[in-house]
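Here come two complexes built around chain A, the first alongside chain B, the second alongside chain C.
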Partner chain A sequence: MINLTINGESITAPEGATILEVARMAGIEIPTLCHHPDLSNVGACRMCVVSVQGARALQTACTTPAADGMVVDTMSEDAVETRKFVLEMLLTDHPNECMTCEVNGDCELQDLVYDYGVKWPEHNGQRHQWEINPDPNPFIFIDRNKCILCSRCIRACNEIQNRDVWNFAYRGFQTKLVAGADQFMLDAGCESCGQCVAYCPVGALYDKMSIGLGRVNQITKVRTTCSYCGVGCNFDLNVRDGRIIRVTSAADAPVNGMALCVKGRYGYDYVHHPDRLTRPLVRAKWLGREAVEERIAAGEWAIFDEAKQRLTHRRPPNDAQTPIPNTQYPNTQYPNTQDLNTQLPPDTFIATDWDTALDVVANKFAETKKKFGGDAFALLASAKCTNEENFIFNKFTRQMLATHSIDHCARL
Partner chain B sequence: MSVHASPSLTFESPEQGPDSQRRCVAVCMGTGCSSSESALVRERLREALVEQGLDAEVEVRRTGCFGFCEQGPITVVYPEEVFYTRVKPRDAQKIVEEHIVGGRPVEKLLYKDPLREQPVQKWHEIGFYGKQKRILLGNCGVIDPENIDHYIAKAGYQALEKCLTQLEPTDVIEEVTKSGLRGRGGGGFPTGVKWGLARKTPRWPKYVICNADEGDPGAFMDRSLLEGDPHSVIEGMIIAAYAIGAEYGYIYVRAEYPLAVRRLRIALEQARERGFLGENIFNSGFSFDLQIKEGAGAFVCGEETALMNSIMGERGQPWPRPPYPAVSGLWDQPSNVNNVKSYAYAPAIIRNGADWFKQIGTPKSPGTAVFALTGMVNRTGLIEVPMGITLREIIFDIGGGIPHGKQFKAVQTGGPLGGCLPEEYLDVPIDFDSLQAAGSVMGSGGMVIADESTCMVEFARFFLKFACEESCGKCPPCRIGSLRMLEILTRITEGEGRLEDLDELKRLSKGLQRGSLCGLGQLAPSPVLSVLRHFEDEFRAHIVDKACPARKCKALITYEVVAELCTGCMVCGRNCAANAITGEKLQPHVIDPELCERCGLCYEVCNFDAIVIKSPR
Partner chain C sequence: MTNSIRDIAEEARCIFIIGSNTTEQHPVIGAKIRRAKRHRGAKLIVADPRRIDIADYADLHLQHKPGTDIALLNGLMHVILREGWQDDEFIRERTEGFEELKPVVAKYTPEVVSEITGVPAEDIELAARMMAENRPGALLYAMGITQHTVGVPNVMSCANLQMLLGNMGVPGGGVNPLRGQNNVQGACDMGGLPNVYPGYQKVTDRAAREKFEQAWGVSLSDQVGLTVTEMLDAAERGDVRCLYIIGENPMTSDPDLNHVRYSLQNTEFIVLQELFFSETAQFADVIFPAASFAEKDGTVTNTERRIQRVRKAVDPPGEAMPDHWIIVQLAKRMLALGATTPDPDAPFADWEYQSWRDILEEINALTPIYAGVTAQRLDAGEALHWPVFGPDHPGAPILHVGKFTRGKGRFVASDHTSPAELPDEDYPLMLTTGRVLYHWHGGEMTHRAQGLEAMYPEALVEIHPKDARKAGVADGDLIKVASRRGEIVAKAQVTDRVEPGLIFGTFHFAESAANFLTNPALDPQAKIPEYKVCAVRVEKAGSSLDERAISE
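Right after this comes the complex of A and B.
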């Protein structure tokens, strides 16, 4: 343990910690932009400069190791003036569009400019005029005019995702955040995990699907567990008016922290998709005639379209007169209540309740086992299952169905 | 057991040493002279000697840079040390026939000093060399840099042998510390102390790195040393490695120095062959090897942490210190980074002792300083002078004063991150502390002289533009702040300046100095501040009077014809690309200021001095 003084307060700290870490442990706030606790420290943004007694110049708190006997002043005139200068310089090359910016109210630069009372610098000099949204990546939006070159995206991509897509190119004022060798992101090996977006302190990187759908003060965050695989990542659904508009990382997520994959971060569009199945479907031939008639009358049915490899849209209940496009069986009569005597197309599915559907499955299992024996089955477990579910699945396969043909789709 | 041959400091045959032949014609094969066909001169000399049947008797030797590059290609005939300048390939015959055979130096090739009537015959009688003291450059122009035997004959690798066989690493550090050697990259940090710090860190492997990323515009000290005497640098690095306990090293050299890279490669190969590099050097159990890492020409890579990033294959951007390289450098291991010249001093210090070194120069800055003298001065080139010499001695004795009888105005030291000093500082002795006290810095050795025709605002703008373009872009003060300063300076030179710009420049400078991550940003405002301090009136002339006192800033000058002097010869009109000059034959001409592009061509071609440049003041 070492002892040092920060802002006149004497503090005991573990050896090897930086001044910033020690200060934050003691509840002393030092502003940062390029620092993030998940990432390595680079000392680029100069916001965390502090005065250290005896040092030749201001030191960046994020990179300077705290030492025994050190006397630190985080709010010295030099440090505060430097922070103001840095913020002013950043603003001289930043668009003045907080009014329309996606991250208004959720922007580290905006907060610091406010806290330090920096005024908008008018000048006739050069400002970057990069093309907005120049990359065809379907998920990630880029506005380099807002980029403050903090390199958090670069480090997140490199250190957390190990993809190393981002880097800086060119020098001086021309320095530019680029993917690969100034290519499109996907050509540079991007997997669209959106980690770069999660770590961007400003609005330079944003989620393309969420543009214009709501800002931080308009949404409610709902913590949830990802439904895609068994890892169990947590994240926040950003909900506005009952609709999910965005997924944001939750730093306190116990399994994954800020990290998410492309499915977890961007694969939420199914939730409000009109094609989404909300009830079990059973082939018409496994149900009794009465049930089929009733459901078809209610419009709750669908046909599997082999060409499209999906269930073609069933007739919407409130739009019973719209003819169903029938590409697969051009000569088949459309099923309707009058016409149930004719043969239904073999892939007609009827929406039903879980009990009915599970009964159908159980009966078919029993029937098949009786007729052909257990080895007629082969089972594939889903990676979405938890360990406990997989255990039950295993028991069910070997004991109930009596087969060893079990595998797992561990490909997610 | 060593796979290498045991090192040998004796020649295999006496013919291989630099003094082995009675006579020798040395041809400079540095970058400067090579670019004006010195290789062909050498070839022709050989042919001429063969013709005379003297090729066995007289050696034609390739050497490194003599420093007097503006007079190149340079050829020196030993042992008389007759110094020939601007030698063309066709002059080779004459040198051989008249001098080597006939014994009469070729007068037309001797250096004609603009300050003296008689041509100067001998090397050391030339004013340019008069006050120089060549320790680092002692072998440049004497030995063949591609022949290790030449270096060995000049006591080369003796210091290494002494270190490895007689001295403990701590003794080496003590000796270098005692010598008072200060880092020649510009910072002036005591080299011995630096080595001691790297030695103290108890982690291995450790690295020795030579910073040969010389990026100052117009400076070529390190290049010349690497081209002329590469082994001295290599020997210095091996000594440093032994002192700190490193097993591997890197020479980070600019790829724009192809000749230096080639000479280094050859030198490394030869040093390995002789067993100076490799395993178990001098049977001491100490092993060391090093490799060349070519840089892609970023000025900021001369900053040690950016340099190490570049070696590691990362973008050349600095990282904040502490931790210093001595604690955590290349691949987070303890590393020692020194300038080319700092390493090259080490063998001489070990060989001759710290006391010998200390008696050269000043007590606080012992040794010599190497400068690339350039700009508005009669004799330009590479010079090595003892510390403590005054600026006046360098500019007026070595440099021969200002050409065309013009007035001296300022001298910029320390390259684009240094400062300029006006006439009243000419008697400041050159050493790390005095220059700093005067408001400039020692730097790594650039020295640019400005005369009365130099616009100091433009002078400051030029250096700031360089720093601005070479900023790595990592930290906002340097990346954006330097551009904001440049925009103001540009505005002023274009006549759009405002008086409050002066305070704004000072404010921005302070922001850069305080806030920037590395030396590049912290020192980028220095040229501007020093010009502001010493030549504020020129700034005010640009801003208030919209005048450029040196008549250089295009927006603030007009070209006019003096009717009384104009003969109407029409030369100016024919040369004007903008068709801005009109007039009848034999009648005074007129320049239309609207069309005139201020290229200055008419001014140059007028044979009657009838064109003048005017600025409001």
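Right after this comes the complex of A and C.
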């Protein structure tokens, strides 16, 4: 253990920690941009500079180890002026677009510029004019004009995902964040996990599927567990007006931290797909022709167009360049295409109501159980349902239907 | 898994992956393993018939033939014993059956094993040394181990190796099956199995039966029920009349789909709860529209036995309802019809659940390993890995610490047995199956996620350049793949990811699902079909230009 003083407060800290870590443990805030607690420190942005007594120059708190007897001032005039200068320099080559930026309100640069009262510099000098959204990756949006060259994306890809896709190329004002040898991301080995987006402090990298759909003050976040594989990643569903518009990493997710894979981060849009089933369906033969005709005539039931469902299942792949359109939600209109008077095959699916459909099943089950006993039933539980659902399904099998013939597709 | 993802990622000095395409199937675990290898210097050994992505990061890739896992594992143990690298203290104090293991393993010299597996003898020596010199080591496996007629002996051989090395019950060690679907673990834990009640309490065990009889107020059978494959056979015979399926799609995920189709057609009454009109839906009589994970509350259990929350974020579309609501409605109607008359005094006879929390309370009361998994503890953010035996029990991120759950760990030696169907003159190639990064199982969800579908829009079959040349097939050509059970047409991807003689297909695309080809031969104990090996032949079905015509 070592003892040091930060802003006049004496602090005991473990050996080997940086000034930044010690300060944060003690609840003292030091601003940062290139630092992220999950990633290695590079000391690139100089936002975190602090004065250390006896040192000749300001020290970057994120890379300087705390030492016994150190006296640190995080808000010295020098440090504050330097931070303002750093921010001003960043703004000289940054678009003044917060009004329309996706990350407005959720941007580390914007917050610091606000905190330090830096004005957007009007000047006629050079600002970059990189092409916006130049990469065909269907998930990751790039706007290099907003890039502050902090290298967090580079380190996230190297240290978390271990794909080494990103790096800096060229020098000086020409310095550019590139994938591979200035290639498209997918050609440089990207697997579209989106870790780089999650770690970007500004709006330079963003999720393509979410462009224009809502910013942080317009959404609510709901923490949940992924519906795909068994790793059990947690993340936040970003919801606006009853629609999931984005998935964002949750730093405190116990299993995965900020990391997600392409399915977890970008595979959520099936939830709002127009193919979703929205009404109970029963084959006409279990309802009786008369009832079907009557209730359809009354506008209560409808014929379900099975053929159409099967066709919409597979769509031609999207042109990856165009942003993915929103699917209209939800499609509750069932087409009533067949002429009832000419034919109603007994196998036609009828979109009915819950009471009818549940009664059909309950009656059939009760009758079968009475005649043939529990051996006439077999049930398949779901590896996609919750524990509670599986539990009562198991209870239904054993208590209601008097059989143990329940299984699921775990073996498959 | 016997261990947690975190301790493996942070503490294992050697990671041995066998039969798991980790970076594509469990990508976040895969990324953590890549990180352990590259940034922490852990050793990584990958045994897989294909040059999968994670193999490119490995210190050593053992490219063994499909269906030769036991021989490979025995070979590793042979070298360890020959060199005296086994953990004698662990074996003496914590295990039994070691003496019976020795003579079996003795037969599997690296040379013999090399003959069976195709792995060079020196690589087997090297792998054994790496494992011995870098302890603790974790073993990870997935369906590449279980989907064989020798699935159970495969798993036991994995356990043998880890016990021999003393890699059990320690952080960074363990035998770690990676579970496929997000709540496979929970579905098993909650009694979605024909032989056990929730919490693996056997239906044949009298005490367990009486406990549930008292709880639910009915008398229960002591006969084990049917497994999924047996169900389909019984349905075909007409013995099973009603099939009730929640959120599963046997019409893409089961082996030998032509047989599945016939069974489903023969079933009098099929009830299905689904999000979409799946391939199985075509055979249903009643379909209930269900809610997706984003539309309901509850808990799920991950591959490391950790229970976590799912939370409702949006309303289900139209009239769709959560599965639990649907089941409760049916149960109440059945009660009203007098289909069952449980003793009203039994504590859990009724179906009056107000929310998922009420169901969880019943789980707590009847499932010892979930006894302490309460809504309060989950909401407080506690990390709960079952078994959690009570409200004050902390759970167990690592199993078998100090002592095996069953007392002593048992070595059960197995001999190599060939897969049920091997290539022959008529069907000269071997087919193995799996999944890819961008799709999920039958694809019900991922084909409707537009970005994922754009990344991987069609079925591909991997074939080695040598075999492709023999069949006159070029990259991108359509090929017909036929087995004794059926045939599919898919696009050929000519690649050396597979060895000559081996081709690889997926079941993500209904119209060309590899499961029209796979062999339904089962492991006699686990009843898992042999997806990983069957014999096929290929022929060209058209050049890439004709593709449009076929897919229309």
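Structural remarks
As a convention for this text, the second predicted complex is superposed on the first by the 275 of 412 C-alpha atoms of A that agree within 3 Å, B and C clash if a C-alpha of one lies under 4 Å from a C-alpha of the other, contacts with A are read in each partner's own complex, and residues count from 1 in each chain.
Here is the rule we use: a contact is a pair of C-beta atoms (placed from the backbone, for glycine too) under 8 Å apart; a residue touches a chain by one contact, two chains touch by 3 or more.
As the structure is a computational prediction, the values presented were derived from the model and not from experiment.
When the two complexes are overlaid on their common chain A, residue A:175 makes contact with chain B while staying clear of chain C. Legend: residue contacts after superposition of the two complexes on their common chain; A:109 is shown touching neither chain B nor chain C. Of the two partner chains placed around the shared chain by superposition, chain B is the only one that A:78 touches, whereas chain C remains out of contact.
One of chain B and chain C touches more residues of chain A, and that partner is C. Legend: residue contacts after superposition of the two complexes on their common chain; A:58 is shown touching chain B, with no touch to chain C. Of the two partner chains placed around the shared chain by superposition, chain B is the only one that A:43 touches, whereas chain C remains out of contact.
Judged by the touch definition given at the top, the superposed model places A:90 against chain B, while chain C stays out of reach. In the complex of the two chains, the chain A residues touching chain B come out as 42-46, 49, 57-60, 63-65, 78, 81-82, 85-86, 89-90, 92-93, 123, 125-126, 148-149, 151, 167-168, 170-175. Across the complex, chain B meets chain A through its residues 298, 300, 315, 317, 319-320, 322-323, 468-477, 479-484, 487, 511, 514-517, 522. On chain A, the positions that touch chain C within their shared complex are 138-139, 159-162, 191-193, 208-209, 222-234, 237, 239, 242-244, 254-256, 259-264, 266-273, 275-283, 286, 306, 309-310, 313-318, 320, 324, 329-332, 349, 353-354, 357-366, 368-370, 372, 374-400, 402-412.
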